[in-house]
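Handing you this structure, nothing more for now.
By letter and in written order, the chains are A, B and C; residue numbering begins at 1 in each of them.
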Amino acid sequence: MWKLLQIELFKIFKRPRTYISFGAIAAMILIIQLGLKFDGKSYLQLLMSGISDSFYVPYEMILNGYLVAFVILNTLLIQVPLLIALVAGDAIAGEANMGTLRLLVTRPVSRTQLMLAKFAASVIYTVLLLLWMALLALFLSMLFFGTNDMIIARNDVMEQISRNDIMWRYICAFGYASVALSTVAALAFLLSVFAENSIGPIVSTISIVIVLTILSEMKIPLYDNTVKPYLFTSHMLAWKGFFYSKANNDGQTIKGSIENLPAILRSLGVLLTYIFLFVASAIFVFNKKDILS
Amino acid sequence: MVNRKLFLLISFIFLSLQNFAQDATALVQKVKAKLDQVNNYEAAGIMKTNVSFLKVPEAQVTVYFKKPDKLKIKNDHGISLVPKGAVSISLNNLLKGSFTALDAGNEMIDNKKIRIIKLLPVDENADIVLSTLYIDETSLLIVKAKTTTRESGSYEVEMYYGKYASYALPDKVVFTFNTKDYKLPKGITFDYDDGSKKKTENSVNNTKGKVEINYSSYIINKGLPDSVFQ
Amino acid sequence: MASIVRVSHLSKHFSEIKAVDDLSFTVNAGDIYGFLGQNGAGKSTTIRMLLTLIKPTDGQIEIFGMNLQTQRKEILKQVGAVIERPDLYKYLTGFENISMFAKMSGEKISKKKLMQQLEQVGLAERAFSKVQTYSLGMKQRLGIAIALINNPQLVILDEPTNGLDPQGIADIRNLILHLSKNEKKTVIVSSHLLSEIELIANRMLIVDKGKKIVEGTVDELFDPAEMILELQTVNHEKTLAIINNSPWKNFLQKQLTEIFFFKMNRKDIPAFNNFLVHNGVEVLSFQSRHSLEDYFLSLTSANQHVETFTN
C-alpha cells in the first residue's frame, strides 16, 4: 500500500501540470498581497464602513499579516477546488486517457488498494497545496505586514482576536480546510471513475461545487432547513468557525475559546461522511468497471 | 394688588433662579478648578468593550491626557476600537468654553447628595447641545455626565472614584453610547452559517454600547510629549 | 502436458452485443498460442478478461490451475502483458516507467535487473530519455520489457506488431521465439493477420463474432500437404467431361467462372499434371498454394470467394 502511494505521488509530482497549481496559488496570493499593501485601507474602509461612524478605526494596525492571511483564505478557498479537481479528477480518467490504466490494473494489486492509494495521493497533494498556501498566505504576509490583533467582519458582528490567540486558530483552520478540500477531491475522484478523459470530471466537479456553493449561500428560507444542511458546500466554510470566540456575560471574548465547536464538529462530520461516501462509491464502481480504454 | 403680588412672586422666582444659577456656575467652576490641577496624566487600565456587534477581548490600555483636551486611549499589546465620543467627551472638553449652568435639583445616589446641573454652551454651533452633570458637592467630583451632541448622538459617562479622588481622577469609567447596528456590506465574503438561531430581536433592541475602563494607576503631571497623541 | 490457461464457456455481453459468446479453449505450458480473428471478433475482449480488465458475463477462467476470480493476485504475479497500443507515462523516462511497474509487481527487483531488461529489448541507451521522445517501436519494446520484469510464466501480447515497421515486426517475432525457446515461457499472441501467427505459433484459436471457429495445433489444422489447386483451361466443358470420367473428380471442390478448384495432397499434384497432359487438356494456368491466409480468410467469412473450400 505504501509502495502504491509512493508510486502515485511520484506520478503526480513528476507532472508539470501539478506545479501549475502551486504557481497559480503563489500568483493569486502575491496579487492579493500587493493589492492590500498598496490599497488595503480602501478595502478596510469598505469592510468597516458600518462602524467607522462611531469608532476610531486604526486601519494601519488592522491591516496586518493575520488579517491579510484571512482575506486570502476567504478568497482562495473558493478557487482552490478547481486546482484540487485538476489532480483528483485526473486520477483515473487521466490514466484511462493515456492508456496506462489497463497496465495498472493488470498488476498484481487489488483495485481497491489502487483506488485507496490514488485517493490518498490526491489528499496528500491537497494538503501540500494548503501548506504551500499557509506558507505564502500566512507566513509571508506576517513578514510583509507584521502582526497584531486580528479584526474580522462577520455578517452582523466584528470579531477581534488577540494576536497571541491566533496561530492555533490558523492551524485548526488549515486542518479543517484540508478536510473540506479533500471532499472536493473525493468528488472529483468519484467522477473520474466514469470518464475516459480528465476534462469531464474536472469541469463537472467545478460546476457542482459552484452550483452548490450558490445554493448554500442563497438566503432562501425554503432551502435553509431542507437542502442546505445536507450540502457539503455549506460545511466547507466552517474553518471560519475557529476564528469566532465565545464571549462572557460582559461581552468580552474569552481567549482560546471557540464560539460553536459542536457546529464545527458537526460540519466536519458531514464532510467526512461525504468523503467516505464518494470514495466508497468510487471504489465500488471501479471494482465493477470494465476497463475498455 | 393682584398684579403686584404676581410681580413679586415672579421677581422672587426669577431672583431665586438667578441665585441658584450663580450657585450652579460657581459649583461648576470649583469642579473645573479641581480638574485643572491635572495638567497631564498617563494611566494604565483594563478596557472592556460591550457592544452588541463587537466581540472584543479585554484590553490592557494606557490612557494619555494633556490639557486642555488631548486624550488618547492606546492598546498596549494590540488594537482597540475606541468609540469616538469617549475621546471627544472628556470632562475637560465638557467644561471647556463658555456655557450657562442651570441647577436641576438634587438626587441621592449611593447615599450621597448629588447636585444635578445642566450645561448649555453659549456657542450655538458647538457640537455639544446639552450636558447634564451629576456632581458630588462635598468632594467636588462629577459622578455622572450625560451629553447630547449634534453629530454623534447621546453619551453617558459614569465615574467611580478611589485613590485618585483628590485629583478628580476616577478608578473606573463607564461610557455608554448609542450605536447604529452593524451589517457587513453585501458581497464581501461568504460567512459560515453554523445553523444556530440568529439573535435578531436582540440586535434591534440592544443598540447601546458600553465601554468600561478600570484604572490601576496614574502617573500625574510628569509631562507628556505631544507625539503620543499622534 | 499441463494446461496453463483453461477457459470454459466464457461470454461477455455489452448490453445487446455478444462480444464473446460461449468461448472455450486451453493453452498448454510452452505453447506459443496464436489467437486469430478479425478486428472486433472478440480477441481483445477475451484477452482483457484473462487479465481481469473486463468482468465476464458468464464462464470460467483458470490460469495456472487457479480460479482467476478468487486468486487474481497470485495469478497476475506470474503474468506479463502488453495490451494493444503500448501506452506508458510519456512524461516519465523509460527507466522510471519500468521501475514503477516493477514496484507494483510484488517482488523486489534490483536496478541492475531493470537495466538488463531494458538492454534485452535494446533500450539501455535511451533508458533515461522521456518516453514521449520514443518511436512507436521503442514504446512497444519498453512495453514488453515491462511485461517481462517480474519474470512471468505466461506472457500475453495483444496485437504486438500493430503499426510497426517490418524490422519492428521481425524483432517482436524473434523475441517471442526467444521467450518460448530459451526462457520456456508460455506465450499467447493475438493478431488479425494470419501471416504473423503462422510463422511462430504452434497452436491457435480462430474466433469470429465472439465464437470459436476452430482450435488446434497448427499441424493438425493445416496439413501443409493439403494444397489448393486452381486450374484454368481453354475448353472448360471438355475439361470437365475428362475429369468427371476419371478418379480426379473426387478432388474437385468447386468450379467458378471457368476456374476449377481442387483440394489434394501435395504428392498427387505431379500425377494430376501428367493426367491433364496425357488427356490433351490445354492448360492456361495451373496454380497450387497452401497459404493459411486463404483458410483463415475463408473461416472468418471475410472472403466469400473461397468459402466453399471449407465446407
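Basically, a residue touches a chain if its C-beta (ideal position, glycine included) is under 8 Å from a C-beta of that chain, and two chains touch if they have at least 3 such contacts.
Just so it is clear, the structure is predicted and the values come from calculations on it, not from any experiment.
K.L.:
Among all chains, whose Cα centre is located farthest from the one for chain A?
P.N.:
Measuring from the centre of chain A, the most distant chain centre belongs to C.
K.L.:
Closest chain to the protein's overall Cα mean, using per-chain Cα means, please.
P.N.:
A
K.L.:
When contacts are scored as defined above, which chain pair ends up with more C-beta pairs, A-C or A-B?
P.N.:
A-B
K.L.:
In whole angstrom, what separates the CA-based centres of chain B and chain C?
P.N.:
That pair's centroid distance is 101 Å.
K.L.:
Where the centres are mean C-alpha positions, what is the separation of chain A from chain C, in Å?
P.N.:
53
K.L.:
Rounded to the nearest whole Å, what is the centre-to-centre distance of chain A and chain B, using the mean of the C-alpha atoms as each centre?
P.N.:
Roughly 48 Å, centre to centre.
K.L.:
Would you tell me which residues of chain A are touching chain C in their complex?
P.N.:
Within the complex, chain A contacts chain C at residues 3-4, 6-7, 10-11, 14-16, 98-100, 102-110, 288, 290-292.
K.L.:
How about chain C: which of its residues touch chain A in the complex?
P.N.:
Residue list for chain C touching chain A: 48, 51-55, 72-77, 79, 81, 83-85, 87-92, 96, 100-101, 103-106, 143, 146.
K.L.:
For the complex, which residues does chain B have touching chain A?
P.N.:
Contact set of chain B toward chain A: 48-58, 75, 77-79, 81-85, 87, 152, 177, 179-185, 188-196, 198, 203, 209-210.
K.L.:
Can you name the residues of chain A that touch chain B in the complex?
P.N.:
46-47, 49-51, 53-58, 61-62, 74, 78, 148-149, 151, 153-165, 213, 216-217, 228-229, 234, 237-241, 244-245, 247, 250-255, 260, 263-264, 266-267
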